[in-house]
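The structure appears below as structure tokens.
Per-chain residue numbering starts at 1, and chain names A, B, C and D are given in the order in which the chains are listed.
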Amino acid sequence: MPIPTPNLYPDFNIIRLSHVVFGVSDLAKSRHFYVDTLGLQVTDEDDNRIYLRAMEERGHHCLVLEKSDSATIKSLSFKVFDEGELDKAHDWFKKNGHPVEWVERPYQGRTLRTTDCFDVPIELYFKMDRLAPIHQQYALYKGVKPLRIDHFNLFSPDVDEAVAFYNQLGFRVTEYTEDEESGKLWAAWTHRKGGVHDMAFTNGRGPRLHHTAFWVPTPLNIIDLCDLMATTGYVDNIERGPGRHGISNAFFLYILDPDGHRIEIYCSDYQTVDPDLEAIKWDLKDPQRQTLWGAAAPRSWFEHGSEFENLDPRDAQLNATPIVAP
Amino acid sequence: MPIPTPNLYPDFNIIRLSHVVFGVSDLAKSRHFYVDTLGLQVTDEDDNRIYLRAMEERGHHCLVLEKSDSATIKSLSFKVFDEGELDKAHDWFKKNGHPVEWVERPYQGRTLRTTDCFDVPIELYFKMDRLAPIHQQYALYKGVKPLRIDHFNLFSPDVDEAVAFYNQLGFRVTEYTEDEESGKLWAAWTHRKGGVHDMAFTNGRGPRLHHTAFWVPTPLNIIDLCDLMATTGYVDNIERGPGRHGISNAFFLYILDPDGHRIEIYCSDYQTVDPDLEAIKWDLKDPQRQTLWGAAAPRSWFEHGSEFENLDPRDAQLNATPIVAP
Amino acid sequence: MPIPTPNLYPDFNIIRLSHVVFGVSDLAKSRHFYVDTLGLQVTDEDDNRIYLRAMEERGHHCLVLEKSDSATIKSLSFKVFDEGELDKAHDWFKKNGHPVEWVERPYQGRTLRTTDCFDVPIELYFKMDRLAPIHQQYALYKGVKPLRIDHFNLFSPDVDEAVAFYNQLGFRVTEYTEDEESGKLWAAWTHRKGGVHDMAFTNGRGPRLHHTAFWVPTPLNIIDLCDLMATTGYVDNIERGPGRHGISNAFFLYILDPDGHRIEIYCSDYQTVDPDLEAIKWDLKDPQRQTLWGAAAPRSWFEHGSEFENLDPRDAQLNATPIVAP
Amino acid sequence: MPIPTPNLYPDFNIIRLSHVVFGVSDLAKSRHFYVDTLGLQVTDEDDNRIYLRAMEERGHHCLVLEKSDSATIKSLSFKVFDEGELDKAHDWFKKNGHPVEWVERPYQGRTLRTTDCFDVPIELYFKMDRLAPIHQQYALYKGVKPLRIDHFNLFSPDVDEAVAFYNQLGFRVTEYTEDEESGKLWAAWTHRKGGVHDMAFTNGRGPRLHHTAFWVPTPLNIIDLCDLMATTGYVDNIERGPGRHGISNAFFLYILDPDGHRIEIYCSDYQTVDPDLEAIKWDLKDPQRQTLWGAAAPRSWFEHGSEFENLDPRDAQLNATPIVAP
């Protein structure tokens, strides 16, 4: 059986993905991409870091750009339900053999740094500085009108193992792709917050971050972004789409930032709060799995990803081949 | 202080609103409205009842039309997190002096019938027949392309009392309107599922059901519905909108069904899963509260509602007057 | 018979409306409205005038803001098919007893100033400075993303007379409203360029300019403008809409500039190039005439307009009453 | 110089493209595609032909499906400005050595059948049965909500020659692609009705019909059609797109009907009524020429087309190669 029984009562309560720290080589270039083009809002910046939030978020940041020699990912962060959950998390990770450390993070309360099953650096916190709402300051909206961070997608050397691990943390599978021959998972989408996913896993050399997704109001905002990027020097940064995913039924666009970190612009998936929601299974060879309209993803989409800082990826166990654009 | 501290650990776990039973005088007329015009899908029907679901729902029904001598509301229903939560709910309601009864409902498992603080008939269940997904059967989409039931809004004779009651059940306030003079709540929006609301309360003769809302993909679907209703004999059933709410920031349209039950078509609110989300306060006299663009709601919107079966409404305690269209 | 036989072979060839000169009391305030909020592009400006074009236009200006003691309209301008048509127009207006004058206009070639049947100042030209296309410079798009000027609508003291006059100039009626009792026209829409209208006439104290309309890509841009105006101090400048017109079937919004000049934001009408297109007749008492969805226009919409410079309006002949919002 | 001076005073006045007759192998299959899926309206049908119109058209047909042994194109038709223009056209074609014939066509008045410079069968008429408007019967809208026929695109063995010929007929070039090496035209877009084109020409084995385009309200209707086709057995009929054209700036989708006739769904180009509109030049090697967002067209798009009945195509003179998807 490819997917585990959902763990409805995990030992601690992660409520959602929260933010990610990207190492970037040139803050000015990244700022032009994320602020002037995508339309994220700067909440703080100095010579080393830019903190960003999307339009409906009240937490201080959903994306941190950190000047860095390597374009690596520093950590993936998650918000827990209250302060006490942090302690429960600390104990769980420690008990299960993961390194645990309380770290200082600007604009955040107590923050627990640990790792997942593949040594991916993850951080958990409850308190982050709360900012005044700006979602009705329409003069601030620009670019793709990003509303909120939606999910992470990771290349995983063993998707079954990733799903088993995050299932312990209460991430519930909503859709998945199975390799018919081996019976192994090729990809899976798992959620905490009631959408199709907070975390997805794709078979491939990993762990690496495949992409970080932002939610936008409608497909027309995605078309607007294509027009804007195509006429402001970013035409080569449009990697795939726009289109409708088979999996998740969402409307998507994949773009690459100046350092090659992949961003998905995403809207229109569905509500998944029911604990008895049945996961939807897709066959790896179904051409509508990736794009409902039939267009295959380009090879780069299956091969390129961002490494985590100081963490060497390894090849995937599963050698099954998806449909790649010719 | 007008709103209570959120109860993050209620005695039992309601995950979301689920469905409503409308008494209707003519099933054929109601079917023409809900199925042929709005685009809800029939999941079962006989001479007495039509069961409907929206496009992304897998539960058997979100709306039940029941042939009835009176156009009253039979019950409001909620889904709980698992079977055990039903027993906890049973005990809680009983302990707190509400009538409790296990009732039989087609397509549902054990169902607890009880009442809220104003004797509104509410029903809780965990299990409902699960149907195959149809959200990617695009040939079935029509009308306004309804995706899911979103919320109930009730006229309440005392909004402070309603909020206090539902707060015990874990409904968290996201936005509210205060009457500056009395310091009392005039309206409040409260959620369980992570959107702006599952349940809202509006000051007025009550308890009565003000409206039931359905979520749709984009504002353009709402424009499409206006065009359709305006040219198929339903022009007088368009009561208010379309427009953008100040409260919730959602795009809305209010329409009346053949029996006068009010339906809101709704999209574009925001995610509220953070337990530390700060509620947004509005002044009753703010003209942008109702409609961000300044248009006042018509008098009927403040006065007309659907009564619950065998339940006489009473006048509201608070006599404050909202802004009404001239 | 209320509308004349179309004159398919007028004595000279006007191809389309072109631009209008608004007297404004405060150029900075007007600039904030038209440039920063609506999104028109400045093509020239000095202490007395701001020249503007919309995104797909290559002519130098579609709107000129002129600092003025009175918020009056200085002229309505039209482009003719070639230089020779100007001379034909000159002779025609002179022969028909209208004052004719060759005037100097910046960025334009020879310009004929004359009047219509109610002494409205109109100007005709063929040559205007042509600018490089900007319609694919998507970084310039903002506000409502105005694409082009679409039409003028005038209050006319006698719509039959206005239609008879413009019919001589080849303006063809596409839709019209008749007062059933008197058999007189209450309003008419007439075109040269192949859309529903270049010039419309509404019964009322006149001549006055009722509004100037700009074409935008989709209804969603109009919703965006409502959101923007509502949150940047312009909520009281939103007069009517958004909605679907019965007449023209277009999606619309009416707003007022800082001097009270009315602007319509408009999209989605239909192609009318067929010379044998049958005009569509509407009854003045049809509630869907104004707004297909049934909402009546407010009283201000029937009463307020911009006077032309040095031209006193007179009361309308026809006293029929349209449906006005209560 | 690659494009000729526009002929502003052609010998007769064609106002717009009108309709096309497709030979189809199976009327039922074609009906399912054009009526049930795209949403065109049947205006007449029998065992041999189906006549169709789009939602805002009042002429009887814009597309005729004719049962046929070969999936060829029977004729391209154009509407002239009045009856007298037909006689002028007759004389012009005869004088210039083209075969001329008055033919009987159902629902049309006098119809002149002749040929263009490559023997493509073209038909001209003024009168066609006019039908009652249906553009406000919103219950009839379905599929992609086609509003009107927009343009033909032909493979031409010599685009310079095609442009020279149609320029004599008053078709004005709005945009064009030049092969830098040879200085010859690789493609051109020419119009009569005030949009980017009625007729476009693409270098290639020809004459063949590359595609017929229909205008729809917004890009979202095109997304809706993709979703519908992808889930009703037509996923393989989606050939290219959706995307934004560089040339014309329109939003597009290319699909293939059951016989392989290519249809473009199209919206959002710009107004071109100015006689002094400057044509926009593109380089054949500009990757944003085809798709502003950079995606190359597939090979089939450059190679596949529909032949005209009894007319053998020949290879193109120009051997320049466009950018083709790998």
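As a working rule, contacts are C-beta pairs under 8 Å (C-beta built on N, C-alpha and C of every residue); 3 or more make two chains touch, one makes a residue touch a chain.
Since the structure is predicted, the reported quantities are computational estimates derived from the model, not experimental observations.
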Selected pair, greater C-beta contact count between B-D and B-C: B-C
Candidate from A-D, A-B or A-C with the same interface as C-D, over half of contact pairs in common: A-B
Centre-to-centre distance between subunit B and subunit A (centres being mean Cα positions), rounded to whole Å: 32
Length of the line joining the C-alpha centres of subunit B and subunit D, rounded to whole Å: 49
Averaged-CA centre spacing for the pair subunit C and subunit B, given as whole angstrom: 44
Of all residues in subunit B, the ones touching two or more other chains: 136, 218-220, 227, 230-231, 292
Topology of the chain contact graph, where touching chains are joined (line, ring, star, complete, other): complete
Residue numbers on subunit D that touch subunit B, as the complex places them: 136-139, 218, 220, 224, 227-228, 230-232
Residues on subunit B engaged by subunit A in the complex (per definition of touch): 8, 15-16, 56, 58-59, 79, 81-82, 126-127, 130, 133, 135-136, 147-148, 193-194, 217-220, 246, 249, 268, 270-271, 273-278, 280, 292
Of subunit A, residues touching subunit D in the complex: 218-220, 223, 226-227, 229-231, 235-236, 238, 242-244, 251, 287-288, 292-294, 325-326
